[in-house]
Each structure stands twice: as structure tokens, then as C-alpha cells.
Amino acid sequence: MQSPSDIKDITRPERHICDALAAIGSATASSELSFMGIRNPHMRGPKALREGFAVAGPALTLQCMPKREDIYGAGEYDNPELQLHRHVLYPAQAGDMVVVDARADMESGIFGEMMLTFLAGRGGAGVVVDGCIRDSAKAKELDLGIWVNGVTPNYHAQTNIIPFAVNVPVACGNVLVMPGDIIIADDDGVVAVPVAMAEELIERCSHHVEWEEFSRFKLSEGGDLRRYYPLTPDADDEYRAWKAEQDAKG
Amino acid sequence: MQSPSDIKDITRPERHICDALAAIGSATASSELSFMGIRNPHMRGPKALREGFAVAGPALTLQCMPKREDIYGAGEYDNPELQLHRHVLYPAQAGDMVVVDARADMESGIFGEMMLTFLAGRGGAGVVVDGCIRDSAKAKELDLGIWVNGVTPNYHAQTNIIPFAVNVPVACGNVLVMPGDIIIADDDGVVAVPVAMAEELIERCSHHVEWEEFSRFKLSEGGDLRRYYPLTPDADDEYRAWKAEQDAKG
Amino acid sequence: MQSPSDIKDITRPERHICDALAAIGSATASSELSFMGIRNPHMRGPKALREGFAVAGPALTLQCMPKREDIYGAGEYDNPELQLHRHVLYPAQAGDMVVVDARADMESGIFGEMMLTFLAGRGGAGVVVDGCIRDSAKAKELDLGIWVNGVTPNYHAQTNIIPFAVNVPVACGNVLVMPGDIIIADDDGVVAVPVAMAEELIERCSHHVEWEEFSRFKLSEGGDLRRYYPLTPDADDEYRAWKAEQDAKG
Amino acid sequence: MQSPSDIKDITRPERHICDALAAIGSATASSELSFMGIRNPHMRGPKALREGFAVAGPALTLQCMPKREDIYGAGEYDNPELQLHRHVLYPAQAGDMVVVDARADMESGIFGEMMLTFLAGRGGAGVVVDGCIRDSAKAKELDLGIWVNGVTPNYHAQTNIIPFAVNVPVACGNVLVMPGDIIIADDDGVVAVPVAMAEELIERCSHHVEWEEFSRFKLSEGGDLRRYYPLTPDADDEYRAWKAEQDAKG
Amino acid sequence: MQSPSDIKDITRPERHICDALAAIGSATASSELSFMGIRNPHMRGPKALREGFAVAGPALTLQCMPKREDIYGAGEYDNPELQLHRHVLYPAQAGDMVVVDARADMESGIFGEMMLTFLAGRGGAGVVVDGCIRDSAKAKELDLGIWVNGVTPNYHAQTNIIPFAVNVPVACGNVLVMPGDIIIADDDGVVAVPVAMAEELIERCSHHVEWEEFSRFKLSEGGDLRRYYPLTPDADDEYRAWKAEQDAKG
Amino acid sequence: MQSPSDIKDITRPERHICDALAAIGSATASSELSFMGIRNPHMRGPKALREGFAVAGPALTLQCMPKREDIYGAGEYDNPELQLHRHVLYPAQAGDMVVVDARADMESGIFGEMMLTFLAGRGGAGVVVDGCIRDSAKAKELDLGIWVNGVTPNYHAQTNIIPFAVNVPVACGNVLVMPGDIIIADDDGVVAVPVAMAEELIERCSHHVEWEEFSRFKLSEGGDLRRYYPLTPDADDEYRAWKAEQDAKG
């Protein structure tokens, strides 16, 4: 188990990068990353505990390991400072995402309401666990995005796993996350963006599909998918007329 | 992979048949079908994305297959008309159900919001996928029943599967569906009705349990299950008196 | 299959014990039980069908077994009194919990709305199934806590399992439950409390963390986790001052 | 947990019935039972540890349950007579089959070599566990059929389950087994025969397909499946001539 | 369900192509196919029932579907010619591989000994099922490669699935197989080679690593992996000397 | 991904410790470790590829991670020295065990025959993978114990995972292994012994059950389990007489 004194903080990207990625959203980011060579950046498992959050931020990471009683004993309860799941929260800054490799364990509640309240209090953007949290009723009331496989009343080290290291590479939902990678999370799920690819990703997604709103409107009225998505040249003319009208209405 | 030009439309039952089945609901239909010899018409996996829809309609089907890179390549993105998941939507009419055999894959979002908006725009009753859709936040706002195993940000052919054929027999949620079979879907899940059995099924379910409302009322007041469900002869007398009173009240 | 005449009622604890356990909640109970030697009292699988219920009560149990057609045949439908899933409900009293060992089967709806309405009508506190119920739309409207793995339109004995015995020891969600054990259920899930351990458990949980409200408040404001959870001596002084002020405001 | 003093022995069928069923084999028995109304008498999971055994005998049963530390404690090791997995072996007679409901647990070795040596010494026909045994190297050397899901070094109550009752109805490999039912086991797996159906099953299987040897011979030479399996009238004539010739050769 | 009269035979590659692929083996073929763009041609699940077979041949395919009692009824047993799993065998020629999409079902024995004896009698190279066969003891004695997920005593349509179509595209072990594709199978498992890629695959694998025997010999003696695999220039000199010596020994 | 230059060798225990543990075997070691507080030291998944090996040795470890294409690219094939699965083998000494955390992936063959031949050539005791190897036919011929979940033709980084770090803590089969821990492996499976507990474990297992051979002999003759396992005082007298006789025969 890592010594708390060996834990390093992460390097954070400029805030506008995370803001741009949050606006792009997980669906567009995942598709585009696949065209950039990352076959599947989507974490299998974690789902939004409460819908409606759409965030992006750098990853603080916590690695859990199978429990071994000679390594994680009573000492952790005598001295809370030995509990590593606390240490991944200490360096949290506004906009950070906490990513926990919980080994898909469904009988360990990595964080309870107090830990999550602290993270929300620090302005954390969210927490992603390929496992569970506990105290879910209270957790849902926080202004904090939470993506988990499920919930449980059990505490973090009660059954099969123990926190083992902080800000090391982890596998969460079968996706490799390096500390400081950017996590995009919304109602479609959670995507990890390698930090070195973030700017190119934003660039590629910036060719904003301005006609998308028009397409959606026409399709919702029963318009032909072949004509309106993508737009045919004729439909593009129609779009421009519509847009001019919209702009005129202003 | 099927050529788009080989796709056939389905034969649709008269609308009143679908209306009757929607009113019967999945629970009564599944039980009664089992007494008619269909052991388990319920699709395992698909759940209502948004609760409260209760629909029935003929099945347009889409078969997916494991991805093979020599078969489904870049061409599909140069020419959207080669994407077969579009083709299952083109013939959609009001009241139709789109059923997708997605092989229980959790990393493929078969449809995104534009496709689903088109289906809703055409009056489609719903979509059933034993896998995922994407753009779930927007999809939930549509007037369209959606039953899926989950959601994902990934696009339809990003990882493990590809659309392969339209309006062919498919297995969805471990139930065999022939194109044109009638799909009943509500909060309990999704049931496939072999179209040739639909009229008999409606007939068998038509012996409306008029006393059910009475039973529910009595049970909710603490009435004896043995007396009120099913009704004993005594309780039946009680029911008739109650009903007369109700009718008198008008 | 058990004969209905062999079914025994359970012994119920005094009501205040259940009330105390409901107030303690599943999360605190599970942790504390683990310190008392019960490694994992949490049932894997059952989730709240409708959130917000927090109950505790003695367990009436129903054991299901794999279906064997020579044992569970047409007779059950000619004579409802042979259906054992009715018999677990007959003895239900106000505050009771019905616990069903459904073998994690996802194609059997153990109870439908009439059965559940009866249980609610009797004042039952809840039902826990490591499998499914049916008629979920109506079931959600009842004043009854319901914890299930899922929902299905199928009836109880339609596919893989049959009710087999009532008020015998069962395994629900991989937890052994003896008839009369106390079940705590809320949004975090379901925990079984061995009835002989209930009073000690309450005693151990009674050292009420009065400062918890203070900690939550400070953490939500960005306070230091190391200072406020648990409280350092300095923070404890701060807490006492805060509490005095609160009391003064009264 | 059952008290050892409450354990009942089973009623055994006449030996010739078991002999007949062993000769019929699991494949023919399973098919024919399905035509008699038992949809699936085959236990999913247990495989022959060592191939070549083909046996049938009445079932002594052991039910395991999820471990609960207040119920199965240190006492079992102070007093071996409290260990119920011993008690299922005590009444074993020549030809008996021991069937263990191990809940598909892969981390519990229900029996070790000493227990299995005792069973072999008593003339037991075999043991079936939908879980594991331990000491597999030595177990394989015994003259005892062993069907298990796997092997493990762990002892019976080391992790997740405990022995709970003997000679009660159990579910093994998702098949319901009543104490005294007849178990057929061979290289294709394990089938449970409801004891009341055994004689009819034997009767139905007794129309021995005498021409099967002839068919196999012809097919192995490249004969037409349509002609030789089942035999066409022409092939039947051919068979009779072949048989006469075989008989003449003597 | 497909009508037997609609079944088409496959086009077979020249025999030398299959022979070359059998010699290459599944491991080299799978790696090389991945470099050619087929990410994963390996079927998950099917294992050699008896080790030591290493074959390759064109695929005859059988598609199974979830059982639906209105489609697959008693008629199949009155008239064996309606059983489609027989029809995939009828066109079998020497060297053919029969590939069955059994939907990973573990309770359906697609073929029994008579069917397999016929296939062996016709010179079939092997059978691949992502599910089970039955009569495994006799099947193992045949001169026929058999790759299956497991064995069962149940017959092909006893429980969950039915044969549905012959020589259509199938998914076996999560790999898409077109009728006539070449199947390589050995102790490492089963790989599908798109028939249009077969010749290029053989070409790419033909750069025979002549020094591999030398490397294996040196490594088995404790030689340095860095020196002998792959060969360094120095080791290459050593190899040439060794080879000259070997050749001289003749 | 770890840089090869950062890899550290392990500290090895004295050879007699490993020899003693190999003699004790996985079954006795696992039970005794559980009494020493390690609830479950058994790795779930890995099975002996070829039976009959019984070894123990210190663990060299390899951690795999989910594949990420920006991290593990073509460079590894241009320069084999970048392939970390080679680096876990380089430091191998006689008696060492190589333990691979392969994340239970069934489509990655971590080692092929050349790598395994090298390990055998260095006198390695065995390899444990909670995943697969390839070239299994040749691998089985080596004088090397191999415990794996299965085999595959795919190469190590073909599909889902990549080698990521060497001689770091890993989770193999849901057991935490620290580099240098002692691995016991035989036909019952694989057990990890925390190196600091090895001597106490040996001590506790040294009270050799001398009468075990006598018990086995008596049980195999039909002796009473209650009398001979464990030995009653009477049976102990019998044992002493038997032993004296055996010794006299000498």
C-alpha cells in the first residue's frame, strides 16, 4: 500500500479546455476520439446517479486492490490518516474529477456522504467509481456529479477491496486513466480524454454543425432523414433561408 | 451485409389490433401467451428509458453482427446511405416499433438523437434495443417509447458490432422476432406477439375482469386475499352490491 | 413442495426495535454488523423500485426452487390455495417485511399488483425479492417499500422457478435470512440483521454522532476533511461554540 | 442450521432400477424425460472430473447456504460432529450418489480426499457438486465418480458458504433434487430423475434401437444420413440382411 | 425458419489453400490477420474437445435462434427432414468445417454421435459450436476435430434454441462467419479467415522463420531472450554456423 | 507505461522455504492461511494447463492494463525491448514464478512458446496468468508449470490489454500479490503466501499428521469416518499398533 507521503498532486489543464470538453459532451468526444485512434474511451459501468450533470475535469485517481488482511488492518480505523480514500480527496480543487478503480466491486461503498460533501465543498466537479458509493440518499442532494455502477450500505473496506494508491494510473470501467487525464461525464456516461489529445479533440469538434438545430426541427416535423441528416444541397439552401428568417426575427 | 436495395417492407396488422394489445399490456399478454404455448415471450434486458409509455405496434427489425473490418469500413461514413441502421427507419410509419438485435452489446449506441427524432417525427411508437442508444438526454425528451439495456456515448459501429440486415428475423433479448410481429412494450418490459396469434390473444384477454377494481379497493383496505382475489361467491355478491351502488352514483 | 398446512408464523420483535433499526439505516447497520463479526449483511441485487422508503421489520420468507413440472403443475391454477406465494402474505402484519429467495431469476414476476396491494393493505412495510415483480407501474403507486433486482411481465411460475416453502431459512441476494430476522431497507439497499444481534446493534449505534450535522455544514463550506471529519480537538471546541449558538437561537 | 439429530435417511429404489438408468445414460434419459414433461433435467455446471464413469443411484443431499458468522463459528472445528458435510456421508450405502447444492461457489472445496475416500470405501457411486472439491489430485485416483464445476484448495466453509441441512430438497445446477431421486451421471453430465418417473422412463427407453449399431457402421463408411438415420424401409431390409450375416458369423 | 429447399451449397477454395492455413495454425493466422486489419478473428468459447487436431476448411454454417414454440413444434419429430441441423450436414464434403451459431447456449446438444459419425464418414474436417454437443464419449472417438463450449445430455431443440437457417452469415463465438469462409482450428482455438483474404494471409505468413528452431533450442538451454528471439546479428552468425553444421550432419 | 529502466528485481526467500511450501501444497496452505487471518489466498481462475506440477517460488509480477492506443503503439514491434512482457522474464532465476495480472481477459495470449521456452530454460518453476497463453500445444511439452484461465491464438496486445509494469503489486485472480510473495501452485490451483507469513505458515503446517496414511487406508476399506478421521482414542491405539507393525516390516 502506498504511503500517504508518496502521493503526488496532478498537473491540471487550463480551465477553458475542460469547459470546452464539457460542452462537446461524451457522445461527440467518444466518436471523435475513435476517429483519432482511441477505439473505446467510454468506461463500461458507471452511470449518472442523478441525471442532468454534464462536466469535464482533470482526474485525481484512486486505485483499489483485492483485500489482504495482513496489509489493511485495524490501524486504518485507529488513524484515519492511513485511509487512502481520504487522500485522493485532500488535493481536490474546483473542477476536479475523482476517478476510482473499484474493480467493479458491488459490495464496497468507496465514499459516504461526509467524503462527498467535502469534495462538493471544495468545488469538485464529480466522482466516477466503477463500483459503489454509500449514503446515496444524501449524496444525491449534493451539487456534485456522481457516476457509479451502483450503491451499497457497506463501507469502503468492508468486504473485498481496499484503497491502495493515489494518483497512479488506474483502470476504471475497463479504460486506462492516467492522473491528470480529462474526464468528460454526462447522462450518456463517462469518457476519458488523454490530456495530450485534448486540444486536437476540441479543434476537431469545433466545426460546429450549425444546421443541426434546423435538422432536428425538420425531422421532428416528419422531414426525410435522407434530406435533412446530413443536409442535401437542396436542404442546405432551405436551411440558409430558414436561418436568415430566424436571424431576422432575432 | 445486406444490400439496401434488398430490404423489404413489412405487412402491418390493422391498427385496432395493436391498440387492443397496448391496452392489454405486457403482463397480461405474457401470461396468456404462456398458456397458449409460448413459454417466454418477454425480452430479457430492455427496460423503459422513460417510464409511462404503453404501446404496441408491428416490428421493423435490424440485425447487428459482430464487427468485421473487411465488411464494414470507411465507406459507410463517406456514403450514409450504406449505413443500414438508417434503412430500418426509412419505412417507419405511425405506430411502428423498431426492434434491434444489438447482441446485448453495451458499447454501441445504435441510434442517436437525430435518428430517434426522425422516428418520432414519423409517428413511430417506439424503439427496442437489446443494447444501447446514445444522446440519451435529448432522446428522453421525445414523444417516443424507448426500451434499452443502457446508454453509451459510443456510435453504432464504433466497437464490437455493425448493422447487418433489415427486416429479417432477429433475436432481441433472447426472443425470436419475425418482421411484422407485434411488440407490446410498457413499464414491465417488452413482449413479442407472433402476429398469427394476436387475434386469439386479444380474444382470450377480453374476458375483462370487471371485479378487479373492486378487489383492488378491498385489498387496499386490508381485505382478505382469500376472499377478494379471486372473488369467493360471497365476495362476488358483495361486489355486485358495490357495483350497483357505484353505478347508481354514476 | 411444502404443504400450506405446515407453514408456521414467525416470532416478531417489539416494534420499537424495528423503529430504531429503521432510523439507524442500512449503511450504519451494515458497517457496525461487520465490526460485530457479520462480514457482509448486505443483499446483492435488490434495489429500491421507488426511492425514499426507509423501513425495518421482521422477515416472512418465501423460498423458490428451480421449476420441476412434476411438482408444480396445472393444479395450482385450479386451486389458488396451492400457490405458496400467496401463503407468505396471509400471515402478514403491520410492519412486516416479505423476503423472497427468487434465485436471481429475471423472468419470474413473484408478485403482481393484487398481491402487493393486499400486503400494503395489511400494513406490510415492504417486500424484498432477489428477482422481479410484475405490474410495476401500479406497484410503484402503493405505500409499500419494494426492493427488487428488476421487473418483468411474466407471472411467478411462468419460466424457471416455483414457490416452494414459506417461513423457512432462505438465501436472498446471497445473504442467509432466518424467518423473523429483521430486515432494514432504504435507498442504499437491504441488510439482514440476525434477530439475536438486534439489541446490541442498536446499543452500539446509539452513541449518536451529535457533531455530524456540524461536520457536514463545515465540509459543505469547503472545510478541511482532516479537521472536521472526525473532529480534531480544536474543531470540537469550534463545534461546541457553534452548538451553543444554535441552541441559543433555538 | 439443521441439527444432526434431525437428519433422516432416504428411501432407496431397487438396485436394478439404478442399473437400468446407468445403462440408458444421461443423454437418452434427458431427451425422454423432456418428452415426459420435464423440460430440462440436466444440471448446469457439474462436469466429470475424470472421464469414463457412467453411474446412477439415489441422491443423498446436502444444502449449503451463504455463510453467516453468527451461525457457523469456531464450534464446528472443536467438534467435527457439528460439521454437516460429514453427516451427508454417514448414511452412504453402496451405489448412493451424494448431491451438494454448493450455490455455484468456486471458492469452497466441499469435500477433501478423506471424505471422498470414506465415500468410496462405503461403495458410493459418486458425488455431484455445483461447486468444487479440494485435494483433486488424490480424489482423481479414487474409484468414485466425481462431477464438479471445478476444484479449489479452500476448505468447505472457508469463504462464502456453509453446510446447512442434509437430505432436504436442494437445487443443484439449477435442477430441483428431492432426497431419494435418482441421479444419472456420465461424460455428458448429470441428470436428475424424479423417482416416481423412473420406471416409466426405463420402459420408454427400452425399445432398444437394435439397428443403431448398423447405422453407426454405415454412417462411418460415408453412408447417407437420410437413408441410415433413421432407417428408411430399404435400409431396414439392408439392416436385416446385415444382421442375419452378423448372427451367422456368431 | 428457412425452408430446406432454399438452402444453398457453399463455394469451396482450392484444397491447397486450406492445407496451407492448417499448417500456419491459428496463432500465426490470428496475429497476422490483426496486422491486416481484422482486429480479432478468434472465436471466444469453443475449445478442442480432444486435443491434437489442427485443421482448416471452408465453413458450412448453421444459425440457431431462440426457441419459439409456434415455429418449431412436434412436426420436426414426425418428419426428420424438417430438422435443419441435419441439412447443414447433407452437403458436407471432405475437408469441410461445420460452424454452428448456438448462441452460447449450454443446454442444447446440437449434434449427437450419429450426426457426427455421418460428418466424419463424409470426411468432414471438424465441427465448431459456440455451445454444446451430446454423446461426447462416443464423439471423442471419431476422427473429427470438435471445438465446443461444453457438452450436455440434452438434444438440440430441448430447451432454449432451435436450428433456423443453413449457409447464411452467422456469429459464432462473437466472430462473423460468412458461408465459405475458411476456418482454422487447433489446440489454441478457432479462427475465421475471410475467404478473400486467405491468399494474402498465406503469402504474409510464408516468410518462414527458419531460425526459429535454432532459437527454441538455444532458449531451452538457458540462452538469452534478447540475443536469440529475435536473433541479434551476432546470434544470426551463430545460427548460420549451427545450421551449416546441422546440414553437414544431414 | 513503466520504463524498462525503472524495473527492479525482487528479493528471494531461501530455497528451503519454497521447497517446504511446495510440499505442504495449496490446500493445506490455504486452510491454514485462513486460520492465520488471510480469508482467501486462492486465485480464482487459473487452472493447471497440464496436471501434476506442484511448485512454489517467489513472484515476479507483470501488470496489464486496458489497451490505450496512444500509449501502446507500433513502436513495440519495431523495438522488442519496449515490450514489457519480455522484461518480467529477463530477471527470472531457477525456481521463480511469473505472475501476470491479465485482467481475466480471454482474448490475449500473454506469452507464446518462445517466451515460455526461455523461462523454462532459466529454470523457472512456473507461470500464472489470470488470462491466457498461446501456442498451447508446444507450451504443454515444456518442463514448466502453467496455470491459466484458458488459451487463445491471439498475441499479448492484440485486443483489449497491454503490458504496463513489472514487479509492482498486482491483482491476479482477485488476490493481491506483492513482488517476492511466494506462490504455491498445484492441481488444486494457485495460492499466494505473503512472504512475511511464510515461516509461520510452515511451522503451523509442520505438525505432520502422521496418522493420515493410516486413516486413508482404513477409510478406503470402509472404516467409520467418525472413528478414523480424526482418530478417536481407540482408533489412535489401533493406529499405534498398525504403525509398529509397519515399522517392524520396514
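Letters A, B, C, D, E and F mark the chains as written, and numbering starts fresh at 1 in each.
Operating definition for what follows: contacts are C-beta pairs under 8 Å (C-beta built on N, C-alpha and C of every residue); 3 or more make two chains touch, one makes a residue touch a chain.
As the structure is a computational prediction, the values presented were derived from the model and not from experiment.
**Q** Taking contact as defined at the start, I'd like the list of chains shared as neighbours by chain C and chain D.
**A** Neighbours common to chain C and chain D are absent.
**Q** So which chain is farthest from chain B, going by the mean of the CA atoms in each chain?
**A** F
**Q** Copies chain B and chain E touch; is their interface built from the same residue numbers (over half shared) or different ones?
**A** Mostly the same residues form this interface, as more than half of the numbers used are common to both chains.
**Q** Relative to chain A, which chain has the most distant C-alpha mean position?
**A** D
**Q** Determine the centre-to-centre distance between chain A and chain F, using the mean Cα coordinates as centres, and give it in whole Å.
**A** From the centre of chain A to the centre of chain F is 38 Å.
**Q** Determine the centre-to-centre distance between chain B and chain F, using the mean Cα coordinates as centres, and give it in whole Å.
**A** Their C-alpha centroids are separated by 50 Å.
**Q** Taking the mean of the C-alpha atoms as each chain's centre, how many Å separate chain A from chain C?
**A** 32
**Q** How far is the middle of chain C from the middle of chain F, if each middle is the mean of its Cα atoms, in Å?
**A** Here the centre of chain F sits 42 Å away from the centre of chain C.
**Q** Which chain B residues touch at least two other chains?
**A** 39 - these are the residues of chain B that touch more than one other chain.
**Q** Among line, ring, star, complete and other, which one matches the pattern of chain touches?
**A** other
**Q** Which two-chain combinations qualify as touching?
**A** In this structure, the chains touch in these pairs: A-B, A-C, A-F, B-C, B-E, C-D, D-E, D-F, E-F.
**Q** Tell me, which parts of chain D touch chain F in their complex?
**A** Touch residues, chain D against chain F: 80-81, 86, 89-90, 106-107, 109, 112-115, 117-118, 120-123, 134-137, 150-155, 158-159.
**Q** In the complex of these two chains, what residues of chain D are touching chain C?
**A** Residues of chain D touching chain C: 37-39, 65-71, 103, 160, 164, 169, 171, 174-176, 194, 196-197.
**Q** Once bound in the complex, which stretches of chain D touch chain E?
**A** It is residues 25-27, 29-31, 34, 39-40, 42, 44, 47, 51-52, 186-189, 191, 212, 215-216, 219-223, 225-226, 228-230 of chain D that touch chain E.
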